[in-house]
Structures are given as structure tokens and as C-alpha cells.
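Note that subunit A is present in both complexes that follow, paired respectively with subunit B and with subunit C.
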Partner chain A sequence: MSPETITSYAASALSGPLLLVLAAFACLLLPLFVKALRGTQGLIALGALVVALLFLRRAPSLELNLFHGALLLTPLSAYLWAFAMGALALVVLLSLSRPAAPEDSQGEYYFLLFMATIGFMALVAAGDLFTAFIALELLSLPVYALAGIRRSKPGLEASYKYFMLGAFGSGLTVMGIAILNALYPELSFAALKGASAPALAQAGFLLVISGFAFKTALVPFHMWVPDAYEGAPTQVSAFMAAAVKAGGVVVLWRLFSLFEGGPVLEVFWWLAAITAVTANLMALGQTSLKRLLAYSSVAHAGYIAVAFFGGARGFGAVLYYLPVYAMATIGAFAVALALEKDEKGPKLDDLAGLSKTRPWLAAAMAAFMFSLAGVPPLAGFFAKFYAFAGAVNSGYTGLVVIAIIMSAVSMYYYLKVTVVMYMKPAPADQHPEPLGLTGLVIFLMALGVILAGVLSRPLLTLAIEASRWF
Partner chain B sequence: MIVTASVYLFGGLAALATLLMLFQRNPVKAAMLMLTALLATAGLYLALSAQLLAVLQIILYAGAIMTLFIVALTVTPQALHDKPSAGHLKKVLGLAAAALILVELVKVSAALRGSPFSTAFSDAGTLDLARQLFGRFAYQFELLSLVILASIVAAVTLAAARKVER
Partner chain C sequence: MTAHTPAVISFVLFAIAAAGFLTCGSLVRMLMFLELMLNAANIAFVALGPAVKSQAYAVLLFAIAAAEAGVGLALIIALASAFKTLDAGGIKELKG
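Up next, the complex of A and B:
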């Protein structure tokens, strides 16, 4: 490949995030100075995102090492950047249809959303631990505030809990990086891979892993999840479940792949097993839809951690899992948004008789639930299949058995949602609001969940191609 | 000669201010004494020709953190009236812990006498840091600027809230 092609590729790849930075500032500042633009922040954001998505191109098969290895442009980064911008576009659509932030902080809302996405993009392309940490903060700090942007009591509580536990996790990460920095001259993932790991280094790695496990919400680092997802505006919860989690997953995979065996992998084994068991058992008793989805998101983090054990092929499965899971979750949160009457979102009983009052909405919700549960031919089934198959091939059958049993347990609460929608009578006083753009998002996600399952090959090929470049 | 004299001068001042701060019951006066101790430490760094550390000490500790303390004291007026509790057991435990830390510190200082740091270490000055910061770590530096900006916007957004609620 000629240098000109590479340069032009790098320029077009980097113009995406740079455009997002510009759009963030435009959303924040333009309406302050131009009165006519007040209230149009969402449209500015959406327009910028569409342009940024147009810059996306198929990445050439090479690793572009920028800024002394701090930023690695690879097919992997291209894949995850497209994922991030797609998720952001959906969240922006949801926010356009039903505003998540009060009138006077619309600009700040989109600014923070964009900043978090840029943090995600820097995180998944980070070549060393130090950069990954800064990017993680750029991803987390705006989301802490976004959770409480409504300034209502549940929102601020969510924000506060998320912030305190997140800051604790960041503290652990910094401590771990300091220990590793004392031992290794170079903190790039490539250099760490070959290095020998004495006991102190393993302690450092475990601290770093705990910090990222907070973001990914693996049990026992999940305590903030239910309250944060429930109290945050539903649009923000969807963003947290889809994007923030994916960022943590990618870095956890990079850390996981540094080891061939030993105590760190044992810790991962336990994290995956405990997460799958605890989250699914906790989800059984939930009556609030958003809390149910929160526990479901924790459980899926556990399945993804199981997929790690499949080695390089397992990572391909993870990369397929992330968008499939994100589609079902964003779709389910969009349904919650469409039905929500107060801040905490609908109760499960509020879905009663949905199949009569709004048959299409009920059908889409059922598709999301079945995909999350892993029912064929929906995409969730193939995601789980590839995730578990890799781990079985590597000889971790015990872990997979636990995950499959817990996955069967999860059928109970996913089916419960469907049963309520289809079997319970609707309350008499139903006057549904029009769906608007929320309906578009739900439609797109339902389509995606079905298509990525029935025609799983294209997405899977992209994921496997990207997975070679971690 | 001058260096030795200033080391003892600033070191003594820092120790004196810290001791006075410990026995000061008025929080504002204690904060001022702590500020003195911090500034004296900065002077100590300067005497040991660690200019960068001295400036950072003033900017970060004497500047930012002390301001935070003073602001915290002013927004929590009841802190000004709090009398420290005086349980005997607590005092004895506290003194024991302090004695332990003192002994350890003396031990560490005695151990450090034998192993002076390399001269290359003390030579790393502001210029080297700037070269690293704006050269090799330029990307991370820019990323951090976004982190700080996002934090400011986040904090203002959440803080503006209170006004609306009232």
C-alpha cells in the first residue's frame, strides 16, 4: 500500500473523532451566541454524527502507530469506532424524541455525550495503559454527570453512587499502573505482553483489572449498576449499557491476553463465574424494567468474560457479541423510554396488555428479550453460541456449563416480560403517546437483532477480521 | 554554606509550623499554619535546587488544595465551633501511632544517608518535563485537557441545578 493511501486513510479515520470534538463545542457554545440555534443542539449533534459516519471507511489491514504508540489505528479501532458512533447516533435519536436533559442544559448534555464517546474512541485505540487510563476518565467523568443531568433526586443519587464507586475504581487503576510503572520501563500492551510477571506485577495487574471491571460491571464490582441505570435518564442508561461497558470489555481483553495462565486468569475465571451466577439470580426478583435490564447487562458482562477464555477466536466472538448485545439493550431501553411515565421508568406491570394496545411495540420488545436470552434464530443466540464455543474449545468446559445453566435461569425473567405483555390484560385507561423517533430506533434495533441473527455472516466476518488486530 | 543554612531555616520553619498547627484549635488559624508549613517545604525544595518541585508545591498544595480547605471551612460554618473530642484512650493511641511513624521516618532518613540519588535524577528540570509533556506525551496532554474541560462542564451543569431547584 502506498504512503499516500495510508496518509489519506489516517486523515479520514482521525477526522471522525475530531469532528465529534468540534460538534461537542458547537452544541455547547453556538446556542449561547446565536439565539436562533437555541434548542437545536440535538439536530447539530445528529448532523455532525451523520457526517462523521460518512467518513468511515473500510480500514486497510495494517497497524498505524501514532503518537509514539499511544494511538493505534487498526481494523479493530475502526470497527469499535463505528460501533461507538452508531450507539451515540441512536442515543441522540432517542434524546431528540424525548429530551433527557432539562431545557437549560441541552447543550451541556450533548457536549458531555460527545466527550464520553471521544473517551471511548481513545480508550479502544489506546496502545498503552497510561493512555488507556486517561481515556477511561474521559469516558467516565461525563457519564457521571449525565446520570444526574435532570437534577432530580433519583438522578443525583445515581450520579453520586456511580461517581463514588467509579472514583474508587479509578483509584485502584492508578495504584496498579503506578506499581507496574515501577517495574516496567514501558507500559505499552505490546511490551507488557512478553514481560515476565513477578508477584508484585501480578498485584499491579489485578488492581488495574479491578478498576476496569468496575466500568464493565463484573460482580463484585457491580454495586452501582442497578441504582445508576434506574436513576439515570433512560437514554443515558442505554448509552452506559452499550458504550461504557464495551470500552471496559476491550481493555479487559487486552489485559487478559497478556497472560497464558496463572493467578490472573484464575481471577478472571472466578469473575466470569460469579458474575453469571449472581447477576442472573438477582435479576429474578426485579419488578422495575430498568433494574431488570441493569442486572441483565451485568449478566452479559459475565458471558463476555467467559468468551475471553476462547483465546483469539474468543475475542472475535466478543466483538460480535458487543453490537448484538448493544442492539437488544438499546432497543429494550427505548421501549422503556416509550412507556415511561416517571423518572424511574416503567414497572413490569406497566407492560401488561401491550400486545393488545401496541402489538408492534410488544413484538419488538419480545424480540429484544428473546435475543438477550439467546433464543435462535435471533442474533443473541449466535453471540452466545460463538462466545461459549470458543471457551469449550480451549478446555474451559466447567465455566461454560455454569454460564449455560445461568443463561437458562435468565430465560425466566426475560420470558416474564413477554408473559406480562401477552398474557395479562391491559388496564382500562390506556391512551398511548405517539412514538416518534423512539419508534424509529426500536424498529431499527428489532430489524438489527433479527438480521444479525439470520444473516450473521457479514457482521461475524467483520468482527473476526477486527479481532486479529488487538 | 548558604544552602545548608537555608535548608535548616526552611526545615525548622516547616517543623515549627506543623507543630503549632497540631496544637491549634481554631480551624482557620490551623489552615494558615499549614499554609506556612507548605510554603516552607517549597523553600526547602528550592534550597535543594529542585525548582520544578518547589513551583508545583506552591501551585498545587499552597494554591489549589489550601483554597479548597478554606472554601470548605467557609461553607461549613459549624466546623468552626467544633471542639475536638478528648477521649484519653484516643489520645494515647494517637500519640503511640505518631511515635511509631516518627521512629520509622528517622530510620528511613538514616538509611537514605548511605545511598545518595544519582546526579542525573536531580538534573531533570522544568525544561525536560516540558519536552516530554509537549513532545512524547502531547497526545495524552491534549486528551487530559478534554478530561478537565469535560469535568468543568459536568461540575457546572450539576451545580447549576441547585439554583433551579430552589
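Up next, the complex of A and C:
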């Protein structure tokens, strides 16, 4: 490729995030000065996102090294950037139909959402650990504030639990990076890869990994998840489950792939196994839909960690898993949003008789639940299949057996949701509100979950192509 | 004072901060311990790493610690007015 094409590609690739920064400040500041724009922040945000998505082109097969290796633009980063902007667009649509923030903090709401997305984009493109840490903070700090943006009791409690444990995780990460910085001054993932790891370095790696495990919500670093997902506005919970988790997963994979074996991989083995077992067992007794989805999100982090053991093929599976999981979970949170009467979201019993009162909503919810449970021919089945197949091929059969057994256990609580919707009679006084844009999101996600399963080839090809570049 | 002293100080400070964070019940103290953790890491950066680059990292880390304190303090003020307490055990609106 000629230098001119590369320059124009870099300019085009970076215009997306730069436009998001501009849009974020526009949402925050413009309505303060121009009265007519008050209340239109959501539309500004959506418009900017559509333009930013248009900037995404098929990335050429090369690794573009920017800012002395701090950012690496590859087809992998392009894939994940598209994923992040897509997830953000859906969350913006949800917030347009049912505002998550009070009237006077609409601007801050979209500003924080955009900043978190830019943090995600920097995180997945980061070429060294310190950049990854700064990006992680840029991703997390806005989300702490977003969780409590309503300043109501549940929201603030969610926000404080998320903040305290998230910041504790960041503290562990940065200490680990400080230790690694002493041993490997380069700190880039490429330099860390071939390095021999003395005991002190392994301590550093474990600190970094536990910090990112907080973000990804692997057991035992998951304590904040149920409370944060339940108390945060449902739109923000959807964003946390889809985007924040994916960012942690990508960095964990980078750290995982530095090692061929040894104690660090054993730690990953235990994290994956304990996460799959604990999260699924804890989910069984939940009665609140948002808490159920929170535990389900922890469990899926465990399955993704199992997929790590498949090596390079496993990472292709992870990249397929992330959008498939995001579609099902954003869809499920959108249903929760459509049915919620107070901030904590609907109880499972509130779904009773949904098949009678709103048959299409019930059908879509059933599709999300079956996809999360991994029922063919929905996308969730193929995601789990590829994830586990890679790990089996690498000889980690024991871990996969645990994951499959726990996946069978998870059928119980996913089916419970469906049973409540289809078997229980509806309470008499039902006044369904119109769905509006929430309905559009639910429709799109249901379509995505079905299409990505029946026609899994295109998405899978993209994911595998992207996985070669990390 | 040997070459190892700053490293030892940093590790000990970090251990104290992490233990303090996990055991104390007051939100303000938890926030202070968080800042202490970041400062311990900062000492480790400056004391152990290669000269100029690590010092630049330390400056960036100051900014991050400040941002974190900003979000944390804002949150604590909002919590204080909503719950009338800053005891971690007293904030129990959600299950679990």
C-alpha cells in the first residue's frame, strides 16, 4: 500500500472517534448557549453516531502504529470500534424513547456515554499497558457517574458500589503496571510477549489481571455486578453489559495470550471455572429481571474466559461471542425497560401473561432468553459452540465439561422467564404503554439474534479475520 | 537508605491502603485509601521505572487520581444528601 492510502485510511479511521469527542462536547455545551437546542441532545448524539459509523470502512490488512505504538489500528480495532458504536447507537435509541437522565442532565448523560465509548475504543486499540490503563479509566469513570445520574437512592447505591470496587480494581491494575514497568520498561504488549517472567513479574501480571477481571466481572471480582445492574438506569445497565464488559475481555485476552502455560494460565482456568459455576448457581434464585440478567452477564464472562483456552481460534470465537451476547442482552434489557414501573426494573412476576397482552414482545424476549441459554438455531448456540470447541481442541476438556454442565443449569432460569410469560395468567389491570423506539431496538435485536444464528457465516468470517490481528 | 527503600515503602503503603480499604466502613475513608493505593503505585513508578518515561506516567497518574477523587467526592456528596449517612453498611436499598 502506498503511504498516501495509509495516511488517508488513518485520517478516516480516526475521524470516527474525533467526531464522537466533538459530538460529546456539543451535547454538553450547545444546549447551554442555544436555548432552542435544549432537549435535542439525544438527536445530536444519534446524528453524530450515524456519521461516525459512515466513516468506518473496511480496514486494510495492516497494523497502523500511531503515537509511538500507543494505539494500534488493525482490522481487529475496526471490528471492535464498529461493535462499540453500534452498541452506543442502540443505547442512545433506548434513551431517546425513555430518558434515563432527568431533564436538566440530558447533556451530561450523552457526554458521559460518548466519553465511555471513546474510552472503550482507545482500550481495544491500546498497544501498551499504560495506555490501556488510561483508556480503562476513561471507560469506567463516566459509567460510575452514569449509574447514579438520576440521583435516586437505588441509582446512587449502584453507582457507589460500582465506583468503590471499580476504583479498587484500577488501583490493583496500576500497581501491577508499576511493577511491570520496572521489569519491562517498554510495557507494550509486543515486548511483554516474549519476555521471561520472574516471580515479581508474575505478581505484577496477576495484579493487572485481577483489575481487569473486576471490569469483566469474573467471580470473585463480581460483587458489584448485581447491585450496579439493578440500581442503574436500565439503558446504562445495557451499556455496561455490552460495552464495558467487552473492553475488559479484549485486554484480558491480550494478557492471556502472553503466556504459554504456567501459574497465570492456571489462575485463568480457576477464574473461568469458578465464574461459570458460581454465577449460574446464584442466578437460580433471582426474582428481579435486571438482577437475573446481571448474573447471566457474569456467567457469560465465564464462558468467554473458557473460550480463551482455544488459543487464536478461541479468540475468533470470542469476537463472535461478544456481539451475539450484546444483542441478546441489550434486547433483554430493552424488554425490561419497556416493562419497568420503578427504577429497579420489573420483577419476574411482572412478565406474567405477556404472551397474551403483548405477544410480539414475549416472542422477542423468548428469543433473547433462548439465545442466552444457547438453544439452536439462535446465535447464542453457535457462539457457545465455537467458544467451547476451541478449548476442547486445545485439550481443556475438563473446563469445557464444567462450562457445559453449568450452561445446562442456566437453562433453568432462562426458561423460567419464558414459562412466566407463556404459562402464568396476566393480572387483570394491564395498560400497556406504547413501545416507540424501544420496540425498534427490541425488533432489531431479535432479528439480529436470529439472523446471526441461522446465517452465522458472515459475522463469524469477520470475527475470525479480525482475530488474526491482535 | 538503600536503593530498595522506595520500593519497600511503595509496597508497604500499597498493602496498608488495600487492607484499609477492605476493612474500613466509612465511604470517605475508603476514598482516601483508594487515593493512597494510587499514590503507592506512583512511588513505584518513579522509584523503579526508567527515568523520564516513568515520571511522565506518574504525572498522568496524578491526573487520573484527581479525576477519580472528583467523581468519588461528587458521589459521596450525593450519597450523603440522599441517605443521610456515609457508613457503607447503612446504604442498603438494593438486595445483596
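As a convention for this text, the second predicted complex is superposed on the first by the 470 of 470 C-alpha atoms of A that agree within 3 Å, B and C clash if a C-alpha of one lies under 4 Å from a C-alpha of the other, contacts with A are read in each partner's own complex, and residues count from 1 in each chain.
Quick note on the criterion: a residue touches a chain if its C-beta (ideal position, glycine included) is under 8 Å from a C-beta of that chain, and two chains touch if they have at least 3 such contacts.
Predicted model only: the values in this text are computed from it and were never measured.
K.L.:
Counting only touches as set out at the top, which of subunit B and subunit C does A:181 meet: first, second, both, neither?
P.N.:
Touch partner of A:181: subunit C, not subunit B.
K.L.:
Looking at the overlay, what does A:137 touch: subunit B (first), subunit C (second), both, or neither?
P.N.:
After superposition on chain A, A:137 lies in contact with both partners, subunit B and subunit C.
K.L.:
Once the structures are superposed on A, label A:350 by its partner contacts, choosing first (subunit B), second (subunit C), both or neither.
P.N.:
neither
K.L.:
Based on the superposed arrangement, let me know which partner A:227 touches: subunit B (first), subunit C (second), both, or neither?
P.N.:
second
K.L.:
Regarding the shared-chain residue A:63, is it in contact with subunit B (first), subunit C (second), both, or neither?
P.N.:
A:63 sits against neither subunit B nor subunit C.
K.L.:
After superposition on the shared chain, which partner residues are touched by A:291: those of subunit B (first), subunit C (second), both, or neither?
P.N.:
Once the two structures are laid over each other on A, A:291 reaches subunit C alone.
K.L.:
After superposition on the shared chain, which partner residues are touched by A:168: those of subunit B (first), subunit C (second), both, or neither?
P.N.:
second
K.L.:
Should A:159 be classified as contacting the first partner (subunit B), the second (subunit C), both, or neither?
P.N.:
A:159 sits against subunit B and subunit C alike.
K.L.:
Between subunit B (first) and subunit C (second), which, if any, makes contact with A:465: first, second, both or neither?
P.N.:
Neither partner.
K.L.:
Report, in rising order, the residues of subunit A that make contact with subunit B in one complex and with subunit C in the other.
P.N.:
130, 134, 137, 141, 144-145, 148, 151, 156, 159
K.L.:
Spell out the part of subunit A that touches subunit C in their complex, as residue ranges.
P.N.:
Spelled out, the residues of subunit A in touch with subunit C are 130, 134, 137, 141, 144-145, 148, 151-154, 156-160, 163-164, 167-168, 170-172, 174-175, 177-179, 181-182, 185, 226-227, 230-231, 288, 291, 344.
K.L.:
Using the touch rule from the top, collect the residues of subunit B that touch subunit A in their complex.
P.N.:
Per the touch definition, subunit B meets subunit A at residues 136-140, 143-144, 146-147, 149-151, 153-158, 160-162, 164-165.
K.L.:
With touch defined as at the start, can you tell me which subunit C residues reach subunit A in the complex?
P.N.:
Within the complex, subunit C contacts subunit A at residues 7, 10, 14, 17-18, 21, 27, 30, 34, 37-38, 40-42, 44-45, 48-50, 53-54, 57, 60-61, 64, 67-68, 71-72, 74-76, 78-79, 82-83, 88, 91-96.
K.L.:
Report the residues of subunit A in contact with subunit B in the complex, numbered from low to high.
P.N.:
Checking each residue of subunit A against subunit B gives 21, 28, 66-68, 70-71, 102, 104-105, 108, 111-112, 115-116, 118-119, 122, 130-131, 134-135, 137-138, 141-142, 144-145, 148-149, 151, 156, 159.
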